[in-house]
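Listed next: structures, encoded as structure tokens.
Two complexes, one shared chain (chain A), two partners (chain B, chain C).
This part shows the complex of A and B:
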């Protein structure tokens, strides 16, 4: 029984760390109604600054904590000043995309500076354990608990007794009223981002010490955990975030106790999805609140799409179709094959994120479902590859829609959180469901592409196949957009309340959009599986989701031609300029940030 | 009972509380077919909340809403739209990125038949298939609706027709209000709820709108109207309901209500009364 006490202590300690992240998220959400997807990156930065301080500068622990807090706060202030303040009056999607972009840029900068290999972060504390009841507790546990309680106390005093703290609370209650009463909202934002970043940075350092290991994958995990805790406690609710964090820590710890370590994250994300579905306002929100103010601003940037004449499109398509007949290198064809595969994913995402306004951050999960389904169909059931790929598309459409359907009632940022979590859940299920997916070993020996019994092995035939499939999907999607479904999807994106008042069921039309989009993404994943011949749970990752999102923003949300142009540009240009692979994600992040700031409607305009 | 059958919409004891505030407090109301009732009252009296309760965007804490004798309390907005209830919004909620034509076509969404077969379970998939394949029945339906929408837009003279392909965000404020009303008419409503249709309009535009509402009434449409411009209310309404702090404080023909001391107090006396209290 003593181990239960250990699990409880562990859960509370981990919960305490989550609380440091979640409180920052809650403060930021409170004053700016924004879920800061870059919070985990600040946590990562904090961990690495801690490493520099401890390992290279040999600072004593109290000084390390101060150095990390101050440095992280500065990063937070920079994000606020240069990343978000310029977007204050832009459409609601802009700050959401900006924090996603910032998070990728920060993560990549850390990775490029320190290499992606894990590093040890010693805690500098004596390695002893005290007996407490039936369990044990170490000095680091006490430090984490101490930092957690001290920060909570300081924050309470700040919010309750300082003038700036009052301003923060006033802004959180009613931003416009606070502004009219002379509150400097920019200063409030600065204060909140500084505090949130300091807490997040210290939290990253403490976690690094707790596990004596830091690596760049920490960032996304921290964002997810912090967001889970914050949403469980009720977005914007600071005490709620603390309780949500402790609850999350305990749920994970007990989950690990019963099912094993690899299930830790699965419990966190399932908790998130359950809370989002049953109590989207958090556990502590009163059930019957006043309905939110009608949102009159549009979610996406209004624009007039660039009209490209049909003949020009036909000429361009014809040009790409006959390209392999000319003496082009294998390398060019390979690059364009990648662009066509990404193009299919971007078609899917531009429909889901652009046309119907559900900014999905877990879109790679659809690729994974399609790839695994197609691979297993052809390997286990000897289904011909062509049919297996279609099977993968259908599976992705069905399963993807079923998985996302609980979050159809959510809006804006919450959709992004839910899709991010569902993407992680899919990847964790693939990892853990060994009897079907072969777990961490992955699937090898997937048969190559073939059509009607003919293997497609030469680059030329693969090129034609993938290009043809993409063109067919694009034509279908174009036709969809000109039907009554196109206008219905766009109406739901622009104003879901007015759309419902005119008889559009959100469940029905969001399902149809995900079915169509899921099919395109599943086909892309299926083709990729047969092309790579080996896949595992990491083949289709969040980076691909973000790349697809950047492509979609670049081309113009909802814009079919834009999705393809964006894919060719983002796959082709780095190849053209021979940019090393490790810099590409950084460039995608920067492109996303610049677009959001200077051309939110993308190259070809929103449709 | 006879009274009940005749009325298209009837509210009984309809109540909605937000925390300590009772926004709509035990409202009874009967609206007969072809009748136009205006709801007036100071800001915050609960008029828009009442609209939200009738159209399903909000659920009452107590009381019932019946439409054509059927209990429709708490039904979803999409169900109520299919029943023939259309509304406009106080602050204007056009679909900004959709063209004027598409905005109005969304209004006719509940009337789509050919492309939305009423088949359980696989109905949505058939809808997707039909939207992509577009057999002649679907094309014909869409064409017919488009022609009809042009006729609806023509009711606003030359205000909207020349802008039929422009996105709604590019329209003037008054034109956006017109698009909203056109969208509501496209539903072929049996009950139309107008929430301050002339807000922000100048006198000429207001007169135009008043003319349109009078026309709709003459055509037999049943209308519930929230409006602050009293002259328009007096001209158009069969009856006027006055709300204050969630309660119905007066109901009757316009002239009668206008002279009601309780109404005058609600509009003017309120401030005076509280001032005296705080002075004492």
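This part shows the complex of A and C:
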């Protein structure tokens, strides 16, 4: 039994660590209704500033904390002023994309300044250990708990009793009304970003000291776990975020206890999905609380889409179709093949995210399902590759829709978070279900693409094949959008209550959208599997989901041509910037930010 | 209208790319040009640290090769393309290299998904893919253009098992491994060998690469009451596990795979990695001349920094590439055939490396049994810790 005490303590200790990030996220969400994907990057910046202070400047701990907090707060203020404030009157999805771009830029800047090698960040506290249960805890554990709890408490007091705190809460409840009452909303946002960033920076430094290790890959993980903890506790609820974090830590620890280490994150994300389904506002949302998302679809505001004449589209498609007849290097063709494959994924996502308003952050899971199904069908059951790919598409449509269906009742950001979790769950199931997926070893020797008995091996034939498949899917989707079905989808996106009043069954239409979208994504995954010949659980990862969403927002939500243009741009740009070597992802992030800044409704506009 | 402008922009840049490719074709065939190797690896993204380590090893080897007169009077050089270890980018890089006639062979990629996704392109394009960190057992099965100097885990893990079981006398083991293709393959070979030597496997735990917190895992380990911990880890996660094992009060011997061999392991692990045992392919006081030259050269070039396992892999890989190009010249097919012909290439990892033509891998890695003493890697003196 003593082991259970140890598991409990360990769960609380790691929950403690998650809480530091979650509190900052909750604060920002509470005021600006924004999941700040850059919070993990501020955490990273804080860790490295802490390293400079401790290792280079030899500052004592209290001074280190102040230096890190001030520096991180400045970074937060800069992000708010130049990254987010210009977007405050644009579509609500634009700031989300901006934070993703900002996190690219910050992570790359840290990596370029400090090199990607991990560094030791020595703790400045005396190394005494207290025996608790079977293990020990040290002063850093207590300090982290202290910082987490104190900051949650201070924030609580600040929000409840100070004038600026009232302003923050008023802004959170109703921005326009607050402005009418004379609240300086910009100042409130500044204050919130400054506080959240200071907290994020200090937490990065403390966690770095805790593990005596900092590296540039720590940012995405911190964001993921922080988001989970925050949403479990009730998005925007600061004390809830602390409790959600501790709960997350406990669930992970007990998960390890019962099923083993490789199931750890599976439990974290299952917890999230269960909480979202049972209590969509989080465990600690009060009944009186205003709904965290608006009831009607201001999340994705319609804009005037750019009209492209049919002949221009036909000419462009014809141009790309005959491209291989010209002396084009295979590298260019391969890059475009990647763009077409990403294009199919983007078509899928633009349908579910743009047309029906379910912004998915776990779309790579659909690729993975399609890829594994197609690979296994062709390898184990010797199904011809062409049929296997279609089988992968069908499997992805069926399984994807089934997995996502519990989250149909969610709205806005919550859909994104639920799909993020479902994406992670699929990847972890692939890792652990070894009898079918071969676990981490992956599937090798997947037969190459072939059609009617002819192998498609040359880049030219693969190019034509993938381009043709994408064009067919795009035409089908274009047809769908102009039909009665497409109008119903958009009606649900724009106002689901009104849509229901007109007798539209929301779940039925959402399922239809996911079935069509899942099929397109599954086909893309299937083709990729046969193109790569080897896949494992890492082939289709979270970064791909984020990339797909970026493509879709960049192209214009719901916009079929936009999804394809976006794919060509986001596959092409990093390749064009190859000349810049280590700097290319930095440039890519900056270009992305500029695009969001000047064209928040996407290149071609929302349809 | 603005949309059409952007479209032309994209097309224009594609045209520029094509023009670039044709131009490079024209510029080829001057013998004063260096012989160019393509490298596909991570310079950004989550595995960026390994790409930077590769570069250090490559650059040191190239300095030595140039100082020795190059390859028949021509310089050897490499073009490093960042793949982020992402299969989408590694396949594009593969086509880039295959269609660039200056590239005579390719080195990399780092992770199995990125490397093996690109293999069909290299195989069909007839360009050697020399994967020097690719331990996945199926990597060289991708075709006769796939060659690897990665130490086969079928070779390495029995050595580690012998160290832990026969020499250190451990009887009941807990195995913690990275849950990747490498970690999983290694675990299976280790467990098989350890059982053959008569040890019992109390528990095995696989963890994902991003994991930071191992305290609950270590409670599981404690409850299985092993007399030794085996870490099939890289240096950063290995250091984390060692620290947390000591923090939760586990005092068992720790024995780790050679991939933790890095000064960073000691920097990150601090006192917790004291007395950790590890099998490696070389060690600082190694009397072998090629190791002395490597370590001295590395320290001189990088301001006293100690080289680690990944530096050694890439240093060896570049030397191997030079040896192969010396025999095979600049013809891609001849280079493939030259891999079967090179004999006893001086190597930090293998001593003298010769490919086994059947498996297209090198067998017989060197073995040294080290222990961390006073914050230094030292040869184990046989004394119990």
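Couple of notes before you dig in:
The definition used in the following text is that the second predicted complex is superposed on the first by the 504 of 607 C-alpha atoms of A that agree within 3 Å, B and C clash if a C-alpha of one lies under 4 Å from a C-alpha of the other, contacts with A are read in each partner's own complex, and residues count from 1 in each chain.
The rule is short, and it goes like this: a residue touches a chain if its C-beta (ideal position, glycine included) is under 8 Å from a C-beta of that chain, and two chains touch if they have at least 3 such contacts.
For clarity, every value in this text was computed on a predicted model and none was experimentally measured.
One of chain B and chain C touches more residues of chain A, and that partner is C.
Within the superposed three-chain model, A:495 lies in touch with chain B and out of touch with chain C [touch as defined at top]. Of the two partner chains placed by superposition, A:29 touches none, neither chain B nor chain C. Within the superposed three-chain model, A:138 lies in touch with chain C and out of touch with chain B [touch as defined at top]. Once chain A of one complex is fitted onto chain A of the other, the partner contacts of A:442 are limited to chain C, with no touch recorded for chain B.
When both complexes are overlaid on chain A, the residue A:479 reaches chain B alone and has no touch with chain C. Of the two partner chains placed by the overlay, only chain C lies in contact with A:17; chain B stays clear of it. By the touch criterion stated above, A:508 is placed in contact with chain B alone, chain C being left untouched.
Of all residues in chain C, those touching chain A in their complex are 2-4, 6-7, 10-11, 13-14, 17-18, 21-22, 43-46, 48-49, 51-53, 80-82, 84, 86-89, 91-92, 94-96, 98-100, 111-113, 116-117, 119-121, 124-125, 136, 138, 141-142, 176, 179-181, 183-185, 205-208, 210-217, 219-220, 222-223, 236, 239-240, 243, 247-249, 264, 267-270. Per the touch definition, chain A reaches chain C in the complex via residues 3, 6-7, 10-11, 13-14, 17, 108, 111, 115-120, 122, 129, 131, 134-136, 138, 211-213, 215-218, 220-221, 252-253, 256-257, 260-262, 264-265, 306, 308, 312, 316, 319, 327-335, 338, 341-342, 431, 439-442, 444-445, 448, 457-459, 528, 531-536, 538-539, 543-544, 565, 568-569, 571-572, 574-576, 578, 581-582, 584-585, 603-604. On the side of chain B, the complex with chain A involves touching residues 17-19, 52, 55, 57-58, 61, 76-78, 81-82, 86-87, 89, 91-98, 102-103, 105-107, 109-110, 112, 115, 124-125, 127-128, 131-132, 134, 142, 167, 169-170, 183, 187.
Note for the complex: chain A touches chain B at residues 286, 288-291, 294, 296, 298, 300, 302, 304, 476, 479-480, 483-485, 487-488, 490-491, 493-495, 497-505, 508, 511-512, 515-516, 606-607.
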